[in-house]
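One structure, pasted below without further comment.
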Amino acid sequence: MDLILVNLIDGLVTGLLLFMLSAGLTLIFSMMGVLNFAHASFYMLGAYFAYQISLFMGFWMGLLIAPVIVGLAGAGIERYGLRRVHQYGHVPELIFTFGLALLIEEIVQFIWGKNQMPYSPPEILQFTLFSIAGNAIPAYKIFMLCMSMGIFIALLYVLTRTRVGMVIQAALSYPKTVEALGHNVPLVFMGVFGVGTALAGVAGVIAGPVLGTFPGMAFLLGSIVFVTIVIGGLGSLWGALVASLLIGWITTFAASYNVAMADILVAVGFEKPADLSESALRDLWSLTLPQIGPILPYLLMVLILVFRPYGLFGKRDV
Amino acid sequence: MNRQAVQNQTTAPQGGVTLATALPWIISTIVLLFIPLVFTSNSAITIMNQMAITIIFALAYNMLLGQGGMLSFGHAIYMGFGGFVSVHVINYVEDYSLPLPLPVLPLLGGLAGLALAILIGSFSTRKAGTVFAMISLGVGELIAACSVIIVVFFGGEEGVSGDRTYGLPVFGIEFLQQIEVYYLIVFWLLLSALLMYLFSRTPVGRMANAVRDNPERAEFLGYSARWVRFFSFCASGFFCGIAGGLFAINYEILTEENLNLVQSGSILLITFLGGVGFFFGPIIGAIVFTLLSTVLSLQTDLWQLYVGALFLAAVMYFPGGLAGVIMMHWPAFKMGNIRLLIGPYIKTFTPCLVGILGTAALIEMTFHFRHAAIGDEEMTLFWTTFNSHSVLPWLLVVAVTAAAFWLTRRNLPEMVAAWHTANSLPGVSK
Amino acid sequence: MTAVPALNIQGLRKSFGKTEIIRGVDLTIGRQERHAVIGPNGAGKSTLFNLITGRFPPTGGKVSLHGKDLSGLAPFQINRLGLSRSFQITNIFPKMSVFENVRCSLLWARGYRYSFWNMVSKSRDLSEAADAILDQINLSDRRELPAGVLSYAEQRALEIGITIAGGADVIMLDEPTAGMSHSETDYIVDLIRRVTENKTLIMVEHDMGVVFGLADRISVLVYGEIIATGRPEEVRANPKVQEAYLGAALEAEH
Amino acid sequence: MGNTTSFGVTAVLALSVSATAAFADNVKIAFIDPLSGPFASTGTNGLHQFEFAAEALVNDKGGVLDGDMFEILAFDNKTSPKESLIQLQVAIDQGARYIVQGNGSGPAHALTDAIKKHNKRNPDSQVLFLNYAAVDPALTNEKCSFWHFRFDANADIKMDALTDVIAANEDVQKVYVIGQDYSFGKSVAEAAVANLAEKRPDIEIVGNELHPIGKVKDFTPYARKIVAAETDAVITGNWGSDMLGLGKAIIENGFTGPIYTYYAAGSGITGAFGETGKGTIRLIAEGQINPPATDEATAYYEAFRAKYPEGNIDQPRISNVIAMLAAAIEEAGTATDVVAVANALEGAEFDSMWGSKIIMRPNDHQAIQNMHIAVHTDDGITFDYDNSGFGVVTESEIEMAGMDSTSTCDMKRPK
């Protein structure tokens, strides 16, 4: 029971972190139609920039400055790269972001090398806030939780209470109409891209110290962010939130419980072969839930796309 | 945007077989047959084998992307599956001494790829666009993940290996040497390329183009977009499987890397780099990419940086890929104006190339400066050895690079003007 | 007119959310009739077209083609039964050549179906038929150009060419002359007249000159209901029509 | 037309591949390991160690035979079996007769297999495979080959040694085994369970699980289970970011006991663990770094540091590979007849500067040597890793580990 509570908290942290990435991506995706493959690369840039800044000015300045730099870089890439490619259509746009992801990873390796960076949480947060049945909950985790909540609330406020937010929301559902209404759509695009990438940057800054700051961190997270927004449904912030939490909890719980396929098979009436090494199905018999935990989201996505192509909360086809 | 129109146009020669349509095939065949006489080393042949396999794979991929407008993020699984089945067949045939000659093995690989494509395509081709793309990503990831879990079939991390020299010699050939395998691959390359080319000329191939451009209109012409996509998908899976079978013969080992997303991503990049708008585009892409990854990686550790930059530059400035660049010149060539371009091209692209090489040199020098061993300050670049820690080479390279780019910029208007002249007939405005 | 009408619509309804766009349409169109559907903007004319051709599923009612019920059929199945349509917004294959556009629209009707053992370019029959249609729509000299670079009027002509190429005997044209100049309109009207010879034509049109010049019968659709159907002079004389829609337009014309 | 023009380019470039091989009489050793991609840092560092060893141990002493120098040719295999095979072919064409590789069992299996076939099919250009780090036991058991020599202890031998130490520690009552879901992770787990069952039946295995390799973003849930199981020790074969992620998560969630690892040192991992891992992370490896085993090792390491200030000697066996190869070539009297060299290597005995005698076991070509269990700390460090102030200090030594271990190898020797 205690472990369930701990897992709920852990899953929440993972889920909200994922949400910071998927929120920006769903905005970009639904407004501009761009499957931004480089989104997770901005998350990586956030972590590396923050690490570099933290060497000179400490963690907190990194938290403040790094996302801004990432956002500016994102806006710049939109302005001088993506906008140019936009005229050629969606596939070239996608290849552009694909190549961009590759290039960013290479540049990061060129500048910082290929090793893990010793990027750690600030001293002030390096203590155990409380324990549940022997399971320590580090203060930094709760800090991550508060940060992501804060950003979610701020985002919700901007989108529902401000004029810019209204335009963006309208653009999510009716991208063509908004253009027709005379809004400066390129500027909105650039702004959304900048803010979206900055959000990814924030995620990188706060996740870097716990999940590791290394050149593979973008690739590790890259496709799962797509999976999240597709499951949630395009253009739906709530969908992104729900899907993020869902994936956070699914992966956490799947990793936590050693449900073995053998038990399930025996329970439904199959007989375990005496000599597993000779059986053609030996891999099935030895399968456990933690083994397949991280690929469950993909399975979920395929099933959702086959039976409900617009995702959980989406109104139009992805 | 004249370029846009030209590059996206589907080339469709009329009438039956003419010398003009057959000529590229004849030339390719002759070149493929005689090239091993020029490059006799095993490594060159190995690289050419790799190229040929990649060409088949890329052409098969372009049946989807270029001709059918379907973007797949997990296409490696069809080639990989074909390869795994082939290598299992090799082992099975060896264990039971069955009379299966090696040269027909790729066909079995193809059928395996086809079977998987039928299975996956039955639900993934219902929609095009993002739904298809994301399903392909999901399925690709699932099967790639299975490859380390289902050890019985995929062999885990070390993969499954076999020995291609199992059987009776076919016409006295035992496939001991790379060169023998080369000719086997060339045979299958020509056959598959020809079949894929002909496929694009069949009703279903033509309708694949129509469905790519406008699925709704195609539906109102009596064709179900879904079935057209499904048939293209299956055909693509079949040829991917053939590539997989050849991979099994050439490398005699299949591993998890044949299925993973890296492989799927690179075939997308290869195809796009070559140009999706033309049948021969992926061929160029496969050749260039194989050279980059084998030859450039021998020269520098930073090759992936350059490849990444190349892709970005290509997609920004040449969205039609390398084939698009070549075909851009076709109108001028037909009008006999190509010579007008030669001078301006030399004047612009020579400094441009120098500038790019200069930039690369600066990157290499920075890298060397930061990572070289102490006392090991000498580096060799473009057949020149110098000290990367002294100021002079830096000044020199910076100056040359800057001058080269300045010259490029200065000569650019002239080239653009020449381009317009070369592409306009007297009295005809574009 | 034969016993079985070309198209028969009974009690057709369509709602989007709470709004009912088509509110019970009954219409019978005989063989080889040229029928025009007119009505003010937003009356639901294009929606009616989309319901007939299976682009949208209807909320209620049914459509039958040559006496065959079309409910639940996909557009491509309806097309195979001999109904072909054009679109209000030009709907061609922009990246393919003009010739290819026409040839593709011939494929199914000529029985090529999903075959991957025939070479289309080998079929003289197919090429000649496609060229004949190009000739008919006056685009022979544009044969090799990508359709996307044609002028607007040429694209509209191509659209009609694609629509008729399959040899369907019921042709539906959605605003074929929209956005055209006078001379272009005359060209298209003449084209339509020629290519729909001995066929059933159903068209949505705003240009009254075109409507009264072409149509054998006219239906007036207002707010999702047909308020009048009949020969041009009957419709012109119908007071309900004049009140609802035609009055202003007719006055302006004369 | 595209095919023809592009093949011209191919031609020119393919020529340049073979044109670089023009030195005479050098003993060419092809290093085929990742120099780009995620494992490039390990690969590059390994290359530096090879180049340094060749210079310091052979070339500076006048080479082998009549002054033939060792030359290391570097090839980037991107950790891919396919690329390994292409580069193998290029290497052979360039005249390399000795292949060294270590990162990844996948490429190692592909290479042994390909070399076996190559040597059978091309008796004129036979090559030897000197495996310095791929530890899959199969390579010296059912898949063993006359052409393959392993200089690192295999996973089973390491686990045998490791469990000796664990068995001697009465405080350990519960052990948790966790690893990556692939052949190596599985063999580590199997060996751990089997060895513990034999040596200390009273030890309870409270957890034994695999997680997907390179796909886990957050190891917290795994760490929770480990902490909740109240285990006394953790054993893992993880490497790379999976090692760091797992280790950090376990420690941060309150575990204080020993974490026994195979690969938690160097390549930035030591630096990234830093203070967090102090006294907890333990490493089983063949060489003794701290305190330096011999004066020779101190001098060697200092010279290496002077040349590569950023580098680590985290694979001391690399110098053993070079030194033992040189000795074998001298004994065989030839560098080109690799069968003679292989016969000389078989059963060779060698005193390593890293504090061990090494015997190349003839029946399976597995090097038998002392194993060292070291702890991650900043106390008593002579040579740190990653310039972090932290390094590994040897706690215990297992002499000639696995000397009497059996092998299923049925080696086919050339006639």
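First chain written, first letter: the chains are A, B, C and D, and each begins at residue 1.
Note that in this section a residue touches a chain if its C-beta (ideal position, glycine included) is under 8 Å from a C-beta of that chain, and two chains touch if they have at least 3 such contacts.
Model, not experiment: these values are computed from the prediction.
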If a chain touches chain A and chain B alike, it appears here: D
Chain at maximum distance from chain D, centres defined as averaged CA atoms: C
Pair sharing more residue contacts (C-beta pairs) when A-D is set against B-D: B-D
Chain A and chain C, separation of their C-alpha mean positions in angstrom: 48
Whole-Å separation of chain centres (CA-atom averages), chain B against chain D: 35
Chain C and chain D: spacing of chain centres that average the CA atoms, whole Å: 73
Residues within chain B bordering two or more other chains: 145, 149, 151, 302, 304
Chain C: positions in contact with at least two other chains: none
Where chain D touches two or more other chains, by residue: 40, 44, 181, 212, 215
Listing of all chain pairs that touch each other, if any do: A-B, A-D, B-C, B-D
Interface residues, chain D side, partner chain A - complex: 38, 40-41, 44, 181, 207, 209-212, 214-218, 220-222, 224-225, 227-228, 230, 241, 244-245, 248, 252-254, 267-269, 271-272, 274, 276, 386, 388
Interface residues, chain B side, partner chain A - complex: 1, 4, 65, 71, 123, 126-127, 129-131, 133-135, 137-139, 141-142, 145, 149-152, 261, 265, 268-269, 272, 276, 302, 304-305, 307-309, 311-312, 315-316, 319, 363, 367
Partner chain B, residues of chain C touching it in the complex: 53, 55, 74-76, 79-80, 84-85, 87, 91-97, 100, 103-105, 107-109, 112-122, 127, 146, 148-149, 162, 166
Touching residues on chain A, where the partner in the complex is chain D: 3, 6-7, 10, 13-14, 109, 113-118, 120, 128, 131, 133-136, 138, 210-212, 214-217, 220-221, 224, 251-253, 255-256, 258, 288, 290-295
Residues of chain B that touch chain C when the two form their complex: 5, 8-10, 12-16, 198-199, 201-207, 209-210, 212-214, 216-225, 227-228, 231, 235
